[in-house]
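Presented sequentially are two complexes of chain A, the first with chain B as partner and the second with chain C.
Right, the complex of A and B next:
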């Protein structure tokens, strides 16, 4: 599993201005456990560039802070 | 605050009382994920939260717990000015309401609130109880077309309702949406005028969906007095009307519609050619055999298959008669 170096390139984009520090919803629902909290900011981000595009993280986020960018061929 | 709540839930239940919306959002989301039945009371209280996101998540959480005590609090959300809250509450209630909740629904429908009335009319379809009829009837004359449409739709879900004269007038409603539902509902009513009204709608209504629904409803009645109207509808300008008319004629046709059905064998839509071939097979007149033979070269495989079946059926009937 490759560590991502550039967060903008990963499919799960977290809007940090909306992400709630105490919330763990997306981390709990991710079946691949690739979302984690940044210990410095308390915001969620995609640590590993592995995604099934299953979308519970986007659906469960209470503030709609998550956008999953689905590749064109999977749409 | 909640002595009977376990230690695992307690911090989140307390957080639900926080003045910060963000904390309440985290708390309600976490309680939803925990799915613990003990959280039902705090979640019901969260339905009164001033923030619509908290309210919406609380509704979803209660929905997942499927506890019948939540029916009444969820009903209150049906009058919310926020469309998302109303939709979520309605979806939850569609799964939660049971026949025992009929009186709660009937109380709510008398409230002078458009959203509440509309949503309760929809929920009454889940209960199918004819006791609701007197409460549904006044909406046939409502000024809002949404309420008239919901009421006439609900009527066909009520068991044991066989006649309902006030419903018949809606087949001539000014709104096409109401007329579409009225024609479908009339398929389940047994009033004397029903067939005549459906036949008029089938041929004269300006909306093609009303005409199509009328053909469907006539099929439910299987009344042979409609045959001459169905014959006329076979040359309707809209293909769906022709298709559903041909289907209805599969049930009730006689020799008088054979020329019109034969004409449909050359329709530009294959569904109509297929349904006409089936109807001709059901009539069983051997005179159409030569015409059906010609459709065996149809470009559509479905038409060829059903034409062959119609031919076989007619021949089989002939053999039985000769024997």
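Right, the complex of A and C next:
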């Protein structure tokens, strides 16, 4: 199968200057399990564009590093 | 090489949402010595339909306000008579105890100045809505109680099939959605609490996960119960909701109508007399949208500032708090704009309509040792309190059942075949992405199954869904996370086939828009006052009629018709 990678505007934005390397709070609470750590930087990011804009990640982040936007197609 | 984890428990609860957490707690309360395990594909702290709490109870039968008999009567009429009254009665009877227990755990319900529960009327007749303006932490409180009761929790493992041997449920298989381990759990009883099939139709926005239900709820339990040989029922009674256009969440009339808000057409006129969600209401909405008087709206612009502020404080902190930023992005405000609403895509959910796995008043399915509760168990209009009540019944009854049975070893050949089937997409990482396979499947659901239902279109749909097995085999996954989504597409396909077959089988119209057939536009009680059930038999999906259980509360359905149409405008 020939595949391509498409650019997408993702809903979950992480402010890397505030994200704590040892913290897993957002990753643990996401119902869709879309957040992971970048192994090189230790910062969280949205790896899979599968968001319910439900906000546990944003609410449970201890440093307010996360902003959830309404997904572009719905905005 | 995939690792295999072997787990063993007395009672296995699949899904740790509303019903699942309560089932585990009640099972432990019934026997604290026995082992109870919750298997959850997310994390029970924030999973399921109430991940971000709930702004109210919709089916609260509180002494002094209403009786279980009145509640059963109202739901019987709203569901056009097709229900097992004994099961619905349980929600009416036990809901009050559930609310009291939740209250004792720190869940806050609205009370009046005398300390009594402050009920509101949203239903056509009777007060059953109990606001929870501070309901945002409901799920965290439940997770804490699960821990306190020493039920075990395995997060991030997704169940795929119930194991059956000697005609009874003996556990489940699944996999860890992070490390990919194959997980085999032996249990003496299994309780399925996996929520609705919320990813059946495709939202108009085109965003796969922009659904009303938590999109993790992909019909997992409907499919698992089916493959375990259990009966499902009322599948043709779809879930279709009036939702905020594009956002696809509740607007929410259940919260705002007691404050004076109402559903109106574009001219600002009421066209339904009651904002309680029913198929009959949805049919009026469909007609209004097709009358030239649409779009429709939830109208609050006539309310005073204090009232609107209070509504905002509830709607923007509970259930779907991102409503706030959705409206703000568009520069819209309840003071100046009605909330534009539309008809959602279809789903399966007995929490709102009636489609689900057949259960009796003990939460038993038709397979011994297999129980179901919550949105996936067919107890019409059961909502959150019904999920708690049936979670409670399932937990208590499953614990009683396991006293007399032992663990059984699963069949090795079956396990090997199942493992190969599940992991196949990982062997094919360059296969078609699950997103495209899912998008096409759900687009076909919209094109051919969205009511009003048309026989020719449903025949085409059924053919496409049956052939879609071949398409599923083309899917590729690059990691366990993508494998999870691939397996969900399998569940969605199963639900789509059930939805098409059940809709074709019932040759009449019933439940307003939920089952409105253009070629059989009238209700036909002579031939169709019955359930349409389905089950797997000899590898075939078999449909049949099942009689409605004798009523325990008298209702004259000839004179009591659920009519919410407003005729004079």
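By definition in this document, the second predicted complex is superposed on the first by the 62 of 75 C-alpha atoms of A that agree within 3 Å, B and C clash if a C-alpha of one lies under 4 Å from a C-alpha of the other, contacts with A are read in each partner's own complex, and residues count from 1 in each chain.
Rule of thumb we're sticking to: a residue touches a chain if its C-beta (ideal position, glycine included) is under 8 Å from a C-beta of that chain, and two chains touch if they have at least 3 such contacts.
Treat the numbers as computed from the prediction; the structure is a model and nothing was measured.
Of the two partner chains placed by the overlay, only chain C lies in contact with A:73; chain B stays clear of it. Look at A:28: by the touch rule set out above, it reaches both chain B and chain C.
Once the two complexes are laid over each other on the shared chain, residue contacts for A:42 go to neither chain B nor chain C.
In the superposition on chain A, A:56 makes contact with chain C only, while chain B stays out of contact range. Considering which of chain B and chain C touches more of chain A, the answer is C. In the superposition on chain A, A:20 makes contact with chain B only, while chain C stays out of contact range.
When both complexes are aligned on chain A by C-alpha atoms, chain A residues 28-29, 60 touch chain B in the first and chain C in the second.
If you check the complex, the residues on chain A that touch chain B are 20, 22-25, 28-29, 60, 62-63.
Chain A meets chain C in the complex at residues 1, 3, 28-33, 47-48, 50-56, 59-60, 68-71, 73-75.
Only residues 41-43, 45-48, 51-52, 156, 177-178, 205-211, 214-216, 246-248, 320-322, 325-326, 329, 430-433, 474, 476, 481-482, 484-485 of chain C touch chain A when the two sit together in their complex. Chain B contributes residues 22-23, 25-26, 28-30, 33, 53, 57 to its touches with chain A in the complex.
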